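First chain A sits with chain B, and in the next complex the same chain sits with chain C.
Moving on, here comes the complex of A and B:
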């Protein structure tokens, strides 16, 4: 399911299946996309931040067109304890690999992989500096 | 700022195309005359091959290579090197007044990051600025690449860096009445390309920057973001357009203007050093 921002319209709440993973897409060429994501984060229930949220930064192939500081996005990831993935959608190879990664994450978040849960992402996120 | 304004007047009000250059191997300042001769011969040869197509009158290209001692930031910087190409028309017999057709100069202003651990044989002049026909630029570039084993790359300026520039230059104190602060955006993904030009009265822009900047002489990314966000919000209030979703392609202030394709115009001698320092930094980060 794709949405340009959150919250999702409440009219369809009862028809909506369970949400296992939220991927926030940030276009490195658009400051506006970062602002939209930041505003949408406020509408996400805290329980999602236990491994069911990830940030996907697109357009990283074009360094010369970037309007966002990557540092700012990494800080966002740290603040919300969620992984930040970087990709370039215009390159088919990277697009496919990224899709596979997201699918794998979704399988784990949906509980389809025995022995691994979404909480594993949170513990993998911890910096070795923290210890 | 101990640069003689007379000597650097030629730099102002010209559109310079920017390149980053890797360190030059075995470049000797004592041999500048030799280099001019060799480059001249190289250009003549290229023209013979017909690579530089200048249809019409047969013209000689005179090359001058000189050192600009004052154009540097610190003592660690190498002094700038200027290359001038002039046309010497065989037709004119009155006087040998040569017409300047192309200018290019290498410089480094506070480029310590690059020159710090550089071995002796290398000369660090990471910023290259050109003014004139692309055909001459490519000939001069080829010669330097062959002779000094260096590499030239067009220096593109990202929207992030452009917003840094507009914030920095808006804050500059200018005695005379300044021109408007202008931001040009290009809107992506439309069937017909659309450019939006956003002009702000320089005093208003400076007043805004002054409320944002906390420490004079220091600028943080956060301050630049707040400044830009204010400008975007103001525009959105009036036109309901999110400029933050468009691509910032050009910024223009009374101090200097810069385009994302790596074209810069410096308008005020007072801030020449500051602008060059910023451009040197960009060139170095493109090299590394």
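Moving on, here comes the complex of A and C:
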């Protein structure tokens, strides 16, 4: 399900399945996208932050056009205990790999991988970040 | 053949991209087909232009013919120049029959009576456009052929498109000659400028697709916002918002392609409105500020702002009024009176 911001329009509530993973996309070229994400975070129930939220920063290939500091996004990830992924959607290879990563995360969050829960996975990712 | 004419022709040919030289010389029609056959168009341009000058020498070209070649070049590459739009006013309602010979005679007469050293060339095109090229001199100097002014006049309209040379002092004279020749009594410059001559024509002749109020104000449900994703597993949560934006955009911009403008400029002479406690300015003077929007295609980019999520729909009327008001230069002053809001001056 794609949305431009949260909260989601209530008229479609009855059509929506269970939400297993929320990916917040931040365009590094647009300060506005960061603002929108920050405003939308306030509408997310706290239980999602136990491994069911992820930040995806796009457009990192265009170094000259960055409007947001990666530091700011990493701080956001830390504040909400959620992983931050960086990618460049304009490159097909990276696009495919990123999609595969997200899909893997989704499988875990939806409980399809036995023995791995969303919470254990996200703490795994956090530990490797601290290196 | 005059040396200056030879040099001028040589330089004009050098400007033309190599693949286009043959067609342009054919359009010019000064060199015979037989002569054109003798030219080798596969060598470097330097050599091609030298050969062309040789042939022109044989035909004894003078500045008049060279000027026609220049008009042809500028007609094809019209978008390299910056064009301004002027509107002429008639004093009465007399519908006079337009006579092209009379126009040319009066135009030349008016210019030449004020300035002896001018080169004036006319060329008519199929779309009723009359192209005029004027090279300016002084009472003591021959005309400078490298900085001419170009005028495009559609005789059935009160509009004139001028690409002036750098010498702005000749503009009043040019305008005067135009109104005398076309039997109008006044001319004023519109606040509309662009590189795309056709787009300027589209705007003033109202040839672009405008949206008119339809009888049924409700939007047609079938209007698709974007091509439906082939994958039905993707669900757009904000579809109704996207459709609203699309509908508003269609109302404002119409469905067709927008005229091509490169910039919009707003000169603000408004009071700085801030928190009274901040007191940025000691004096209550209008805050002068210039806001300029630039783009390779300004109107199309404005049209795509809201769908791209970069601006709220509807856009400010200051931006959307550009084609309807036929202007892209604005002065915004404080409205004096009961409502202290800014208004757009005429």
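Keep this in mind: the second predicted complex is superposed on the first by the 123 of 131 C-alpha atoms of A that agree within 3 Å, B and C clash if a C-alpha of one lies under 4 Å from a C-alpha of the other, contacts with A are read in each partner's own complex, and residues count from 1 in each chain.
Going forward, a contact is a pair of C-beta atoms (placed from the backbone, for glycine too) under 8 Å apart; a residue touches a chain by one contact, two chains touch by 3 or more.
What you see is a predicted model, and the numbers here were worked out from it, not measured in a lab.
Of the two partner chains placed by superposition, only chain C is touched by A:3; chain B is not. Using the contact criterion defined above for the overlaid structures, shared-chain residue A:65 touches chain B, although it does not reach chain C. Once the two complexes are overlaid on the shared chain, A:31 sits against chain B while remaining clear of chain C.
Of the two partner chains, chain C is the only one touched by A:12; chain B is not.
In the overlay built on the shared chain, the residue A:75 is in contact with neither chain B nor chain C. Taken together, the two complexes place residues 30, 32 of chain A in contact with chain B and also with chain C. The touching residues of chain C, counted against chain A in their complex, run 234-238, 240-241, 309-310. The touching residues of chain A, counted against chain B in their complex, run 29-33, 35, 63-69, 71-72. By the touch criterion stated above, chain B contacts chain A in their complex at residues 156-160, 163, 188, 221, 228, 232, 242, 244-245, 247-248, 260. Of all the residues in chain A, the ones that touch chain C in their complex are 1-5, 8-9, 11-12, 15, 30, 32.
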